[in-house]
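Okay, so subunit A shows up in both of these, paired with subunit B first and subunit C after.
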Partner chain A sequence: MIGVRKGLNDKLISWKMAGGVKQSAADMIERGARNKMVVIGFTIIVFMVLTAVLAPVLPIADPTEQNLNEDELLQPPSSENWFGTDELGRDVFSRVLWGARVSLLVATLAVLVSMVIGIVLGLTAGYFGGKVDYFISGTIDLFWTFPPFLLALAFAAGLGAGLYNVILAISISYWAGFARLMRGQALSMRERQFVEASRALGAGHLRMMFVHVLPNCIAPLIVWASIGVADAITIESSLSFLGVGTKPPTPSWGWMLQSGMLYLDGASWVSTFPGIAMVFTILGFNLLGDGLRDVLDPRMKGLRR
Partner chain B sequence: MMPVTKPLLEIKGLTTQFFIQEGTVTALDKVDLTIYENESVGIVGETGCGKSMTAFSILRLVPHPGKITAGSIKFKGTELTALTADQMRGVRGQRISMIFQDAATALDPVFTVGYQLGEVISLHQNIYDKAALDKKSEDMLKLVKIAAPASVLKQYPHELSGGMKQRVMIAIALSCSPSLLIADEPTTALDVTIQAQILNLLKDLVRTTGSSMMLITHNLGVVAEVCDRICVMYAGRIVEDAETFELFANPKHPYTSGLLSAFPKLGERKEELTVIRGTVPDLMRLAPGCAFVDRCDKAMAVCRKERPNRVEVAPGHYVSCHLWTGGETSD
Partner chain C sequence: MADLIAYVARKILLAIPVILLATLIVFLMLYMTGDPINALSPPHASPELKDALREKYGLDRPPYEQYGLFLWHLVHGDLGVSVGFATRDLQVGDLIVERLPRTLELMAIGLSISYSIGIPLGIFSALRHNSLGDRSVMVFTLLAYAMPSFWLGILFMLFFAVKLDWLPLGGTTGGFASIILPAITLGIGNAALTTRMMRSSTLEVIRQDFITQLRSRGLPEKEIIYKHAVKNAILPVITVIGLDIGWFVAGSVVVETVFSWPGIGMLITTSISNADFPVVRGCILVLAMFVIAGNLMADILYAYVDPRVRLG
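Right after this comes the complex of A and B.
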């Protein structure tokens, strides 16, 4: 025990001597590269993004091309159709690849939009406090009350199916988390002396908010965004699964899961492969988010691994 | 003795109050203070006596729920309390600058020193050219005697030592050649050897740049070293105001004498330090008389009833105490 405590102390001391809270970008990348979770998560994401981006130029079948010959429907995986074919004779492999495009696009855009809304509202609330905070926090809590998926479902149903409507629905249901996180960060950050100091040196509100408060709060936002993308993929797939997401024939993992469900008995590959791709991608983003939390949190520095 | 110069900052009857649920806290109570050009004035007093609040009031940065409720602050003839928020922003950093107690927390941890210096310069002087900004920033770092300024520009605050950070802070504060520099306990967070370096630096810089300085501290040794004149504050009031030598030689206010005798002298053996008995009065329930009356050995009947006026007991030596307000009040 004593040995462990001593080792811990030494590490704490070396952390303090290394300068404590703030690290340079190069240092951060180096520590990210040493974190297994970050490396694995990042690799998975890069792989998925590459497939999504390269899907149109890869030598694969057209994902929407139907082949209604009796002997082409619901075929098991073979050298020709790696992941088999679905009930309309379409190549599942190609559809999974194209599905990554939709899922990643929707999830990334939705998280970006909710992040912007969340940052602006949360920063305003936390920075100004008082009545502004009261009003914005009330709105945040109102949205926060509903589980994001239910809210997204309600909005998606109201707006109708379609790529941009799904993005909008997810953004509306997801921004409150960012806003809350940002508000809390801003609240503690605005009391810091460097904000006061920049004010004493003549900075205005906008400059203090966006140049001094925001960059100091960015680490937890990055973590939240990474995990948020994973969440958004789940929400998007669930919406498509329920038929209020992207419209067919756009290949979407959720939609594929749903249509394959009917054939789970004899042709399980129709929904298994999109399911695996989904789990794989979500795992990637969750690993990255978790790993980044450790890397960006100075208290963890040198204490683990 | 002192060259006749124009007043740079004239504060008259400045009152700053905080309106909290339990009542009204009078943080500054009719403060009169004049700072002349090219002069260093020390503001001394114990914690909570209103030293920092005087600085924040001058910059109009009194935190909520505080307000300046009365008085005037004239800076080069301009009434600061009447300026708009935008005009006031132009004053901060450019004409009146401030150095904070702990440079480690007053510098933004996510930006390089160069960025933070450049930010203030471009903000007030509308210089946006990167090379020009860097050149100017480097000159400022040279001015505060930082070795290898070019490399320090690229460093983050956490890479610098405490003394270096305070030097950077001073460089930032002086980068737009302000007429008045307010230093709020600039050496409290530093060890003694660095303290001396920083104080000497401040002294030199004020002399060479021709600006004035208001040095806030609770350390009498610090003011004695740097300041031309000292104002002693107690419970939000300035109780004595005199040139440094005069104040140390002839303290008139019982609080000032108390402070000076509480200050341990080098080479003197003492088992226990002299203290001023009692504690600071509650700023929410100040009696009408002198704020120091409960702790004063020389308190008289009048001290409880009337607040003493400020009188000039010697040329340039002002004191607010009934002992000196004239024969009619003492018995």
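Right after this comes the complex of A and C.
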């Protein structure tokens, strides 16, 4: 599902390498505040994050508490259960809220881990160049060939279901995009005068890489991370849907949709509400990423991946 | 022509490490949770049975030898045997070959749908740049892209099968009607991407000088657009068709599961729940080969269309 961004990421990188536009993170955020997509996306994300963080303290039902009375199962939305109840009498509203917690946690951690892998490898390759670059780039390209979902499926099937296994599986599958981006950035940065100046002042490699080159690559990383979180949510929920993601009774959107499918005829609320929440969240991160990218590079407008 | 052949040969050689990585990952899948024998033996197997099976599957050898053997068998088309309850000791290769036509059928129809929606919509959008129609198309692409395919599939089922009862809920018993919903579900996300690419490609072309020159010569607008602009704009979109295989391969696993479509994707899901590891890794390997072939196809098409690429 995420295989097509290839050429366009290269385009983003080559544009950056050509000298491109001003791209400090502060500058991007300032201009982003005037972009409609960024504002809408950001609002959605803040809303979902608040829901996820506040889920344990809100006065809602326990998401795993079953209520097996005949008249509590698969009840339609009511004033008591806003989104109805599922096949085990659990409150769907509360499960959707807790599901946001799981999805956002998995997606954010997975993107953070893959970002760290990507930054370290990409920066090393781009900064040192030569043989180091040759080997690291080769590895990056190998992983880049496969759609992250297919890789994640292989790793998740091998590791088995579970929260940390999913995070691990997504991270191993997703880092190549970050590494490519970072390598391109580092390649263009190392020729800049301020980097040469600090080299002349005797700065070590690590200092040059992480103090001078990395901070100047933050803006495109933010764009990529935002789109990455959206992708990771999709991958996580798809894996859970297939039974290799998070394990029940953890309330995960993908798992809820899977079990809700059985009751589509008659109790469609069991799967529709988690589905809406999921699309809403993915849309938020996509909008933010798309909008910020437009801000960063107006030439890329409307050209996605 | 000679440079094209050299280029293709180089690309094929470069695909070898990618194939090796795919085989290594599926080989390692068995070892990720510790002793692979637990994954391969029936539940509550006695230690004696486990030892016998360990010898049967070659697990008593050192790992590098096992990997070598795995590759050796692969080269001979042997993907091992199933360990699932219902299909124990059947050849994995046979199980996959049996399902393959279904997946190919689904991907082919999905691909046609995604291009027959994406290309016209992209042209429409570009010609009415910034109009209401253009904006609606962009909103559609955003939504379609944000929809995970299994959720879209469930929505389609809910409306067209459960509520309206127009199309079958799943399976293959409905003949051609059965493939409509899964194929649309599979195609629509990629249609969104194609629309966006076609739109920006068309926008780029209609701003070029030769279009202005054609206009100044007084050619009818229709002829300019369809004979000259679209012809140039469509090229970069068509050449990446191979890269879309990745999208369809990943999507097919989920879509087939939603609609109980008996292809390779569905085989993966059922094999995962049956703890049938050899089948899971065989299927993933076959899907990975699709992706590699798709990438190769895109590279070759690209070089064929744009001779500059071959020299680089």
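The working rule: the second predicted complex is superposed on the first by the 265 of 305 C-alpha atoms of A that agree within 3 Å, B and C clash if a C-alpha of one lies under 4 Å from a C-alpha of the other, contacts with A are read in each partner's own complex, and residues count from 1 in each chain.
FYI, a residue touches a chain if its C-beta (ideal position, glycine included) is under 8 Å from a C-beta of that chain, and two chains touch if they have at least 3 such contacts.
Since this is a predicted model, take the numbers as computed values, not measurements.
Participant: Considering only touches as defined above, state whether A:279 meets subunit B (first), subunit C (second), both or neither.
Facilitator: A:279 contacts subunit C only, not subunit B.
Participant: Let me test your reading of the model: by the given contact rule, A:234 touches which partner, first (subunit B), second (subunit C), both or neither?
Facilitator: Touch partner of A:234: subunit C, not subunit B.
Participant: For A:154, using the defined touch cut-off, is the partner it touches subunit B, subunit C, both, or neither? Pick first, second, both or neither.
Facilitator: It touches subunit C, and subunit B stays clear.
Participant: Comparing subunit B against subunit C, which has contacts with more of the residues in subunit A?
Facilitator: Counting residues of subunit A touched by each partner, the higher count goes to C.
Participant: Given the touch rule stated above, what does A:103 touch, subunit B (first), subunit C (second), both, or neither?
Facilitator: A:103 contacts neither subunit B nor subunit C.
Participant: Once the shared chain is lined up, is A:212 touching subunit B (first), subunit C (second), both, or neither of them?
Facilitator: A:212 contacts subunit B only, not subunit C.
Participant: Would you mind listing the overlap between the subunit B footprint and the subunit C footprint on subunit A?
Facilitator: none
Participant: Given the complex with subunit B, which residues does subunit A contribute to the contact?
Facilitator: Those in contact with subunit B are residues 19-22, 24, 130, 192-194, 196-204, 207, 211-212, 215-216.
Participant: Subunit C touches which residues of subunit A in the complex?
Facilitator: For this pair, the touching residues of subunit A are 1-4, 6-7, 138, 142-143, 145-147, 149-151, 153-155, 157-160, 230, 234, 237-238, 241-244, 254, 257-258, 260-261, 264-265, 268, 271-272, 275, 278-279, 282-283, 286-287, 290, 302-305.
Participant: In their complex, what parts of subunit B are in touch with subunit A?
Facilitator: 59, 61, 64, 89-94, 97-98, 100, 102, 105-111, 119-120, 123-124, 156-159, 169, 172-173
Participant: What residues on subunit C touch subunit A, complex-wise?
Facilitator: Its residues touching subunit A are 17-18, 21-22, 25-26, 28-33, 138, 141-143, 145-151, 154-155, 157-158, 162, 189-190, 193, 196-197, 199-200, 203, 240, 243-247, 249-251, 253-254, 257-258, 268-269, 272-273, 280-281, 284, 287-288, 291-292, 295.
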